[in-house]
Amino acid sequence: MSWTLRRRSLLAGSALAVAAAQQARAQSGAWPSQPIRLVVPFAPGGTTDLVARLLAAGLQERLGVSLVVENRAGAGATVGSEMVARAAPDGYTLVMSNIASHAISPAVYRGRIRYDAVTDFAHVALVVSNPTVWVANPRAGIRTLADAAARARSASGLDVATSGAGSSNHLMVVRMGQLVGRELNHIPFRGAGPAMQAVIAGQVPMMSDSLPSSVNHIRQGSVIAVAMASAQRHPAFPDVPTFREQGFDLASDSWFGLSAPAGTPPAVVERLNRETRAVLADPAIRARFAELGGTPGDMTAEGYGEFVRREVALWAPLVQASGATPD
Amino acid sequence: MDLITNLGHGFAVALTFNNLLFCLIGCVIGTAIGVLPGIGPVATISLLLPITFGQPATTAIIMLAGIYYGAQYGGSTTAILLNLPGEVSSVVTTLEGYKMARKGRAGAALSIAALGSFFAGTVATILVAASGPLLTQVALSFGPADYFSLMFLGLVISAVLAQGSVIKSIGMVALGVSLGMVGTDVQTGQQRFTFGIPELSDGVGFVSIAMGMFGIAEIILNLERPEARSVMSGKVGSLMMTREEFKRAVPAVLRGTVVGSLLGILPGGGAALSSFGSYMMERKISKGRHEFGTGAIEGVAGPESANNAASQTSFIPLLTLGIPANAVMALMVGALIIQGIQPGPRMVEAQPDLFWGLIASMWVGNLMLLVINLPMIGIWVKLLAVPYRHMYPSIMIFCAIGVYSLQNNVFDVYQTVVFGIFGYLCSKLRLEAAPMLIGFVLGPMMEEHLRRAMLLSRGDPMVFIERPISAVMLGIAAVALVAMLLPNIRKGKDSALQEGG
Amino acid sequence: MKLNTKDIISGAILIAIAVVGLWLNMDHNMGSARRMGPGYMPFLALAILGGLGALALFFGLFNGPDPLARWTSQEIIFLIGGAVAGTAAGLVAARMGGWPAAGWNSLGIGLFVGCLVPSIVKSWRPLFLISAAFSLFGLILEPLGLMAAIALSVILSAFADETHKPVGVVGLVAFLCVLCYAVFIYELDIRVPVWPQF
C-alpha cells in the first residue's frame, strides 16, 4: 500500500539523521540513549500542543534521539501531569507543565489531585509565556478599559466571553470584576474558537483571551485589542496599552514549560535546560513563537522551579474567589 | 466569471504532481483509518502533523483535508459491514446499511454511499467556492438561542430513528442526554457524576459507548443466533445496485445534499445533525419509507450524502473566519499557523493558491475516493464471506486496540465492556441505542447553548421565541412532538380501554 | 392481562437510572433560570427520563404480551455468583497493593472475574465470555504487551463458539498478531507496549 511509501519517503531524511546520532549516543552509554516521551496534557491542536511539537522537533535534533509527543488530556490537564509525576525519573518521560496543570488545577481540584505541582517535579525550563489580552467587537463601542468598566457598572452589565470556566482567562474576569467593583457577566465557552466567533458575531461584546488564539483576529481587524495583561506592552502590538497603564492593577501571563518527574538526575535536568534554551534561542523558532503571539522563555531550571512555586501561591486565593470547584 | 477563473487557478494548483500525490496519500490514509474502528481522523492528523511541517502549506493542508474526508468514507464501510459506527454520522448509516448487508445488499449499500458522497461532495464544493463568504453570515447570525432550538429540534426528531415504541426511544434520548452530563460542567468547571474518577472528567467516551453498544453487543447477539450468522456469511449478493434501487436512491441523494450543505455551515453540531436530519426526512417522505428498519436504500443514500456535503461546507467557517468548526479543523488551523499562514477573511486575497487550491483539491479528493473505493467494494463484501468464528475475535481485537489508542488508557477498554453488556441488555429489551447516542452527543451542546442564551438574555426565556430562527425551530419541534406522541398515546389508551371492557 | 415484560423491565430500568441520577444530582447546585447551575440540566433530563420510564412501564401493563425468555435457576445462580465474585475480586485486588491495585487493574480484575464466572453456564457464554476476553485484553495489554494480549483474549473468546478448532484458533492468533503489528505498530505507530516489559 502507498502507506509504506508515505512513511519511507517522508521520514527517511530525518529518521536517518536521528538513527545515526542515536547510534553514536548508545555507544557512549550516556543519557539520552532511547526515545523520550513528551506528554502534552491537552488535546492535539491547541497552543500547548503546537508549541510542544515545535520544541520536540528542535530538541530531537540537538539530543540525537527522537521525542515522541503523547497527548493525554483531561481534568484540567491533571491526568497527563499525574502520569508523569509517577513515571520513572530517568529523563525519558517529560511533561509540558503549564498554568492549568501546575497552578490553577491544583487549587481547583484541591485534595483530588494526586501530585504536588512543586515537589513532585523537577522543573526544567520555561518554554513560552503568552500575555492575556482583552479584545472587543469593533461595533461594541468599547475602546478602553474605562469604557468596559462603565459598561460593567451600567444597568445591563458587561458580558465577557472566555475559553472556559476555571481557566486563567476566567480568573482574570473575576479579578477585573473585583477591581471594577461590579461582578462581570462571565460567559464561558468550550474553547477559544467558539468564544471568538461569538465576539466577532457581536453576541458577546468582549473576551478575555490568551494572545495566540486572538492574534490573527486582531491583525485582521475583526476584533480590537483593548488591553494587554502583561507588565509591559507587547512588542508585536506596541499600540495596545497594558491593564496597569489604564489604571487596573492586573498582570498575568499564561505560560508553559518543560518538567520531569522529581528525582531526575540533576545532570539530565541541566542538559535539558541548556538544550531547550538553545532551541528557544533559534531565530526560526523565535519567529514562529512571535507569530503565535508568545514570548520564548529563558530561565534556569532553578528559576523555573521558583516561578512555578510563585504561581501556585498566586492563583490559589483567586480560584477560591472565583468559586470554581470540582464539586 | 471570476469564479471560473479562480477555480481554474485552483485546479492548476491542485493538479500539480506533488499535490495530487499528497491528496492521494491523504485519501488512502483517511480511508484506512476510517475503516479501523476507534481510530479517528483527529488522532491520525495529530500523528501526521509533524510530517507536514516540511511540506509547502498548500500541500500540507490538501493532505490533511484528504485524511478528513477519506475517514468519512471509510467510516461508513465498517458501519455498513460490521455495525461499527466510529462517529456520530455513521451511527445513522448502521441503521439501514447494516440491515442491507444482512439482506445480501452490502455491495449496493457501499456503492450508493460512495456515489452519493461523491455527488454531494461535488455540489458542496461548488457551494463553498461560489458563496462561502455569504454563507458565513448565515453561520454568524446563529446565536445561542438559535443553536439551542436547533439541538432541541434535533433531539425531538431523533426519536424518529426508533424502530419500535416512541416512548421508549424518547426515553433513550433522555438517557443519552443524562449520560452526556457526566464530566466537567463547561460553565462552572464543576465535576458532575464523575465519582472522583479523573478519566470521567471529560465525559464518557463516545467511541466507548458506540463500540460497546453497537460493536460488542452485536458480536454477542450474533453468537447467540448461529442461524443468523450463516445467512450473514452465505449471502454476498450482487455488488451492483439494481435499476430500482438506483431510482429510489437518486432523490434521497439530492435531498441529503441540500440538508448536509446547509447544516454543515454551522460550527459545532451542524455536521452531526446533518446525517440523521436527512435520515428523518427520508423516513418521512421517501417512496421507500415503509421499508425503513429492514434495510431501505434511501436510509443509506440520504445520510451518507448529507454527511459528506456537511464535511465540505464545514470548511467555510475555517476559510472565511479562521474559526475551526470541529477538532479536525482545529488541527488544520494549527498546521496553517505553524506554516506561518493565518486563516481568516484575508486568506482569499493573501493566499489565493492555498484557498482555491484547497477547494479544487476537495473535488479532486472526492473523485479519488470514488476511484479508490468503488473497486474496493468487491473486496470489502468478500470479507463478509469469512466464517464468523474467525470474524468476531478480529472485530473484538480491532475494537479493543482502537478504544485503547484513543487516550492510551485501559479505562476506556473497561468502559467499553460495561457498555457492551448494557447494549446487549438494551437490545433484549428493545431499547434502541441510536437515539441514546444522538442524545449523548446533542445533549451537552444543548445544555451549553441553553445556559449561555439565558446568561446573555439576563434570564429572559422570551429570547427563544423572539428570535425568528429559534421560534421557527421550536415550532417545528412542537408539531413533530405532538404528531409523534398522539397516535402512540391513543393506541395505549385503546388497548387500556379494551382491557377494561 | 397482556403484560409486556420487555416494556415493564425497560421502564423499571429507566426509572431506576433516573432515581439514582437524581439522588446523585442533589450534590449539584440548581442555580436560577438566569444563571443555571450545574444541576439544572441533569435534573431536567433525569426527570424526563423517569417520567418516560413510568409511561413505558404503565403502557407495558396493557400492550403485551411480549414475554422475555425465562432464565433458568442455573443462569440466575451463576449471574449472582459472578456479580459477587467480581466485586470481591475487585476489592481484594484493590487491597493487595502492587500490580493488582495499580491504576485500573483492580477494576479490570473485577470485571474479568465477574464475567468469567457466569460464562461457565453455556447460555451465558456469548455475552460474558466476550466481555471477559475484552477485559482480559485491557488487563494484560500494558504489562505483557500487545502480542500477548491478542493471543490470550482471542483464545479465551474462541470458547464462545463451539465450531472453533484448536488449529484454526492458533492460525487466527498468528494472523491477527501479524496484521495488528503491521497496521497499528508499523504503520500507525500507536503508543502501546508490544512485548512483555520486565
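Should a chain be cited, it is by its letter among A, B and C, assigned in written order, with residues numbered from 1 in that chain.
Here is the rule we use: contacts are C-beta pairs under 8 Å (C-beta built on N, C-alpha and C of every residue); 3 or more make two chains touch, one makes a residue touch a chain.
In this text, all values refer to a predicted model and were calculated from it rather than measured experimentally.
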Chain centroid nearest the full-protein CA centroid: B
B-C or A-B, whichever has more C-beta pairs in contact: B-C
Most widely separated chain from chain A, with each centre as the mean of CA atoms: C
Chain A-chain C separation of Cα centroids, rounded to whole Å: 38
Geometric centre distance via CA averages, chain C-chain B, whole Å: 25
Mean-CA-position distance for chain B and chain A (Å): 32
In chain C, residues with contacts to at least two other chains: 28, 191
Multi-partner residues of chain B (at least 2 other chains): 185, 187-188, 190, 192, 408-409, 455, 458
Residues within chain A bordering two or more other chains: 3, 70, 327
Complex interface listing, chain B residues touching chain C: 33, 36, 39, 44, 47, 165, 167-168, 170-171, 174-175, 177-178, 181, 185, 187-188, 190, 192-193, 216, 219-221, 223-224, 387-390, 392-394, 396-401, 404-405, 408-411, 413-414, 416-418, 420-421, 424-425, 428-431, 443, 447, 450-451, 454-455, 458-459, 461, 491-492, 495-496, 499
In the complex with chain B, residue positions of chain C that touch it: 1-2, 6-7, 9-11, 13-14, 17-18, 21, 24-25, 28, 32-38, 40-42, 45-46, 48-49, 52-53, 55-56, 58-59, 62-63, 68, 103-104, 107-108, 111, 115, 125-127, 130-131, 133-135, 137-139, 141-142, 146, 149-150, 153-154, 157-158, 160-161, 163-164, 168, 172, 176, 180, 183-184, 188-192
Contacting residues of chain A [partner chain B, same complex]: 1-3, 5-6, 10-11, 43-46, 49-50, 53-54, 56-57, 69-76, 78-79, 82, 108, 112, 156-157, 159, 164-166, 170, 185, 187-191, 193-194, 196-198, 200-201, 203-204, 216-217, 219-220, 222, 288, 291-292, 323-327
Residue ranges of chain B touching chain A (in the complex, touch as defined): 24-25, 28-29, 32, 42-43, 45-46, 49-51, 53-54, 140-141, 143-144, 184-192, 196, 198-199, 201-202, 267-268, 317, 321-324, 327, 330-331, 333-334, 337-338, 340, 342-346, 407-409, 448, 452, 455-456, 458
